[in-house]
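Before we start, here is the structure in question, set down as structure tokens.
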Amino acid sequence: MKATFLIHCPDQTGIISTVTSFIQENGGNIIYLDQHVDKEAGVFFMRLESDFADSQNSETNLKDQFDKRIARTYKMEWSVHFGDEKPRMALFVSKYNHCLYDLLSRYYSGELKVEIPFIVSNHDDLKYIGTQFDIPFYHIPVTKDNKARAETEQLQLLKDHSVDFIVLARYMQIISSTLIEEFPNKIINIHHSFLPAFAGAKPYHAAFDRGVKIIGATSHYVTEELDAGPIIEQDTARVSHVHKVHDFVDKGRDLEKIVLSRAVQLHVNRKTMVYNNKTVIFS
Amino acid sequence: MKATFLIHCPDQTGIISTVTSFIQENGGNIIYLDQHVDKEAGVFFMRLESDFADSQNSETNLKDQFDKRIARTYKMEWSVHFGDEKPRMALFVSKYNHCLYDLLSRYYSGELKVEIPFIVSNHDDLKYIGTQFDIPFYHIPVTKDNKARAETEQLQLLKDHSVDFIVLARYMQIISSTLIEEFPNKIINIHHSFLPAFAGAKPYHAAFDRGVKIIGATSHYVTEELDAGPIIEQDTARVSHVHKVHDFVDKGRDLEKIVLSRAVQLHVNRKTMVYNNKTVIFS
Amino acid sequence: MKATFLIHCPDQTGIISTVTSFIQENGGNIIYLDQHVDKEAGVFFMRLESDFADSQNSETNLKDQFDKRIARTYKMEWSVHFGDEKPRMALFVSKYNHCLYDLLSRYYSGELKVEIPFIVSNHDDLKYIGTQFDIPFYHIPVTKDNKARAETEQLQLLKDHSVDFIVLARYMQIISSTLIEEFPNKIINIHHSFLPAFAGAKPYHAAFDRGVKIIGATSHYVTEELDAGPIIEQDTARVSHVHKVHDFVDKGRDLEKIVLSRAVQLHVNRKTMVYNNKTVIFS
Amino acid sequence: MKATFLIHCPDQTGIISTVTSFIQENGGNIIYLDQHVDKEAGVFFMRLESDFADSQNSETNLKDQFDKRIARTYKMEWSVHFGDEKPRMALFVSKYNHCLYDLLSRYYSGELKVEIPFIVSNHDDLKYIGTQFDIPFYHIPVTKDNKARAETEQLQLLKDHSVDFIVLARYMQIISSTLIEEFPNKIINIHHSFLPAFAGAKPYHAAFDRGVKIIGATSHYVTEELDAGPIIEQDTARVSHVHKVHDFVDKGRDLEKIVLSRAVQLHVNRKTMVYNNKTVIFS
């Protein structure tokens, strides 16, 4: 039985030895440990993977013991994930298909270990991709007038399908606070600029107008403030005066899909932790 | 005799054939040609290097002929540079030494083909580097009260030494409009962020607070608006949650010196042209 | 009518002015010109895009005139491509799907402007992708014994479908000289290392064993010598001691698909020229 | 008192908890821990930084205790470094100055925390840099005939100055086994290619001839086999058909100096560990 612990708590001495001793005493073998201390904030972070001899310890018992003997003492916020559970990921899209195609091909080839119960879109342009990959596609149009009702429908879908997290694969609508509160640090967006430069609409046009020599893409968790959530992953590519806006868009597509897929993989592999609007990304 | 032409003018048909025919008729052999058309602005840009049989044509005659027969017809703004003239570069510094050291070692080893008549600084911390590299070092303190007088002194120095262009090698004072007007698109700054993100003071602190996964450096020509001039060169480096502000500073130093030296080389080799607050960078 | 000229010939003075004058005299407007001189080899290369007023000149006439008046004089090897012809691209695959998925999604979304008459594979594992994207999939098994016959079948397919060029999207068989001679500089391969390091089989294993800190991918035209053809595009990614061979493979997949797609786009847009087992890649 | 432990030993369960408990019991606070397991080799690696209340424990006592209670049990190869000892670094150079200038400016500005007792060279071309930076410069010519005697002189210098490690800052002579045996994994070289491609002489020429689109630099520990030692750091830069060999050299200089300085910093900060001709590089 493989168990992955994610922990953060006020920093103090002795946490590592206490936790690692606990694992050992319970018959676990540590196969990976990464820790980080944010000294300014006084917070300790740890990710630990271990193998347990199955018979010795039930999942429930291990959780109880850890909670009683360790977590409460150190005031930890923590979680543990057993085995190879596949999180359930909902895909929100609009009209651009490159991120959707990229994620679905990774899913189909087994590279991305998730369940994808459905794709939802405010347009029906990409319905054919749902068909190609045999994934239910829901078309929920969003207008000024029906926005609240559309969200209610979205929320219902998410609940009906027990969705764990949401990926906005170039979904061009602003996510409301209702949805954000239901999925805190569980909505992953891809923005087509190296944030915080060019937040908001039309970043490639803005980058072109500024005459930058580098464009970027940023994947982040969605928070109330637009394009200001905790950054998971970024990457950049060189451009020059010969590139027009549509060349930025072309080059950007590859950045967007690669950066988004890396962020999704980090989330799925439970390698991200959020604190003070920043991420700790474990190795 | 080597001649490098830099040209921009309203776009129209026939410019390339007219210019290249002119070169050929005057006994020149084209060894490099790069052109660019900004279609939105309707502007044509060209850089052309050619070899002339020395005897046939004097520099003055070639200039006159080009002006009369070509430049006026096409309403060109143009310049031509002969042979291996070394431009005269003034260095402005404050307390950081990495960009200064980097530029001086490139100069000393012959990699950077300029004359450096002097270094000027608002502090005397780096005077020892002037001594190490045998370059006159002027200490002109700048305070709120004496700013105007300090600039007069700087301008006098620049004139006395027939300076062609200025490099702000982490000079921590804002350049006044007087100096900018005297050296339009001839003052090169290095800013320690991937502009337009984190313009202004303390960009590494701002980048750290935002939790970016990539930091950058930007070299640009100085204009009236702070950190908003035409970008010559940018580059980026990856950071993570383990890096504190001082790690950003450490990593940033290497970015800054490499990006600045690339921009200076492009300027010295007459590979930059400015239009509409952007640069055309010839290959 | 848009015309793209690709030219190479022995270097001499006057080529640019002669060609550009020809274009102008025939009512063409040059919208792009890039040239390169390989001084050691004494070869001149040029790529030129121009717009012609349709009525004035037929394609055939333009070709004839260019051949008579220019190409013969300068001993040019040249080609001209009119309008938006879509080249016909055959896909060869084996068992890995990431490059295939990537190319097909670019094709489906209109990003990659080609016709894809068929996919051919020595295995039937990826037949389902042909079905997903509605592209004929031919399964031609290749064994030691039937290799010659298999190639005959491949060649027949290529001729029947008037294929212009071939992309080996992780096709794991060595291409025979027969096929290479039929498609000189028209077979694009992706190799999963930064060539010339780790040519041949199992490059990720070799890279892991050597303890490199950077892995790469290389797209090149296929020639007789294995993994030694003219390089079109390369890119790299960082790895560290924490990455095992399967992590190299994971990271490599993204490199491979991006590098291959860039190479294919360069070929499709007629931006590549081969000389002396190297490529000139126009901007 | 700050103590940095570097440990490797056969992998088994309980190492982390045992070591971290030891630190805690001795009044130490762990401020950094990074571990790695090479499963194939069955080896456990750890780097641990901790702060000790000075009074409680002497350096010698801590070492003895660790040795007796931990290291012997787990068959560890280990070292501990206290406080801010500055290692003593000898610089070997030939005629190229860029790496030398780069390291010396980092040293002079306090960025590189070492002592530099001397520079030694087989030529006297760079003697002036020793003078500029006030560092003793020894000229020991190396010819076929005097090679053995030259090495004896070098060794004597290294001993006289209690040198801890050697940096070959573009030193163009092959290091003999005598020197390598005296300084195992303590001689850092910079090679101007992305090894294992283009090992040996004239890598830029070889890269140019092959038509690569990327060049690189590699810093590694020197071993008996030329350019085949454990790689510490690598980086790459893009080139194109427009770049001639001398452009490769120009671009390469920046790669070389940045890659070498990163490797030296990693070594100085005791973040490198060598095993099976590979490095573990701690974060």
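Per-chain residue numbering starts at 1, and chain names A, B, C and D are given in the order in which the chains are listed.
Keep in mind that, in the parts below, a residue touches a chain if its C-beta (ideal position, glycine included) is under 8 Å from a C-beta of that chain, and two chains touch if they have at least 3 such contacts.
These figures come from a predicted structure and were not determined experimentally.
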Item to complete: Check A-C against C-D and say which one is joined by more contacting C-beta pairs.
Response: C-D
Item to complete: Determine, among B-C, B-D or A-B, the equivalent of interface A-D; equivalence here requires over half of the contact pairs to be the same by residue number.
Response: B-C
Discussion item. I'd like the Å distance between the centres of chain A and chain C, where a centre is the mean of that chain's Cα atoms.
Written reply: 36
Item to complete: Take the average of all CA coordinates in chain C, do the same for chain D, and state the distance between these two points in whole angstrom.
Response: 42
Worksheet item: So which stretches of chain D touch two or more other chains?
Response: 242, 283
Discussion item. Looking at the complex, which residues from chain D come into contact with chain A?
Written reply: 13-14, 16-17, 20-21, 23-24, 29-35, 37, 283
Fill in: Residues of chain D touching chain B in the complex
97-98, 101-102, 105, 108-109, 111, 132-133, 242, 250, 253-254, 258, 261, 283
Fill in: Residues of chain C that touch chain D when the two form their complex
36, 38-39, 194-198, 210-214, 216, 230-236, 240-242, 244, 277-281
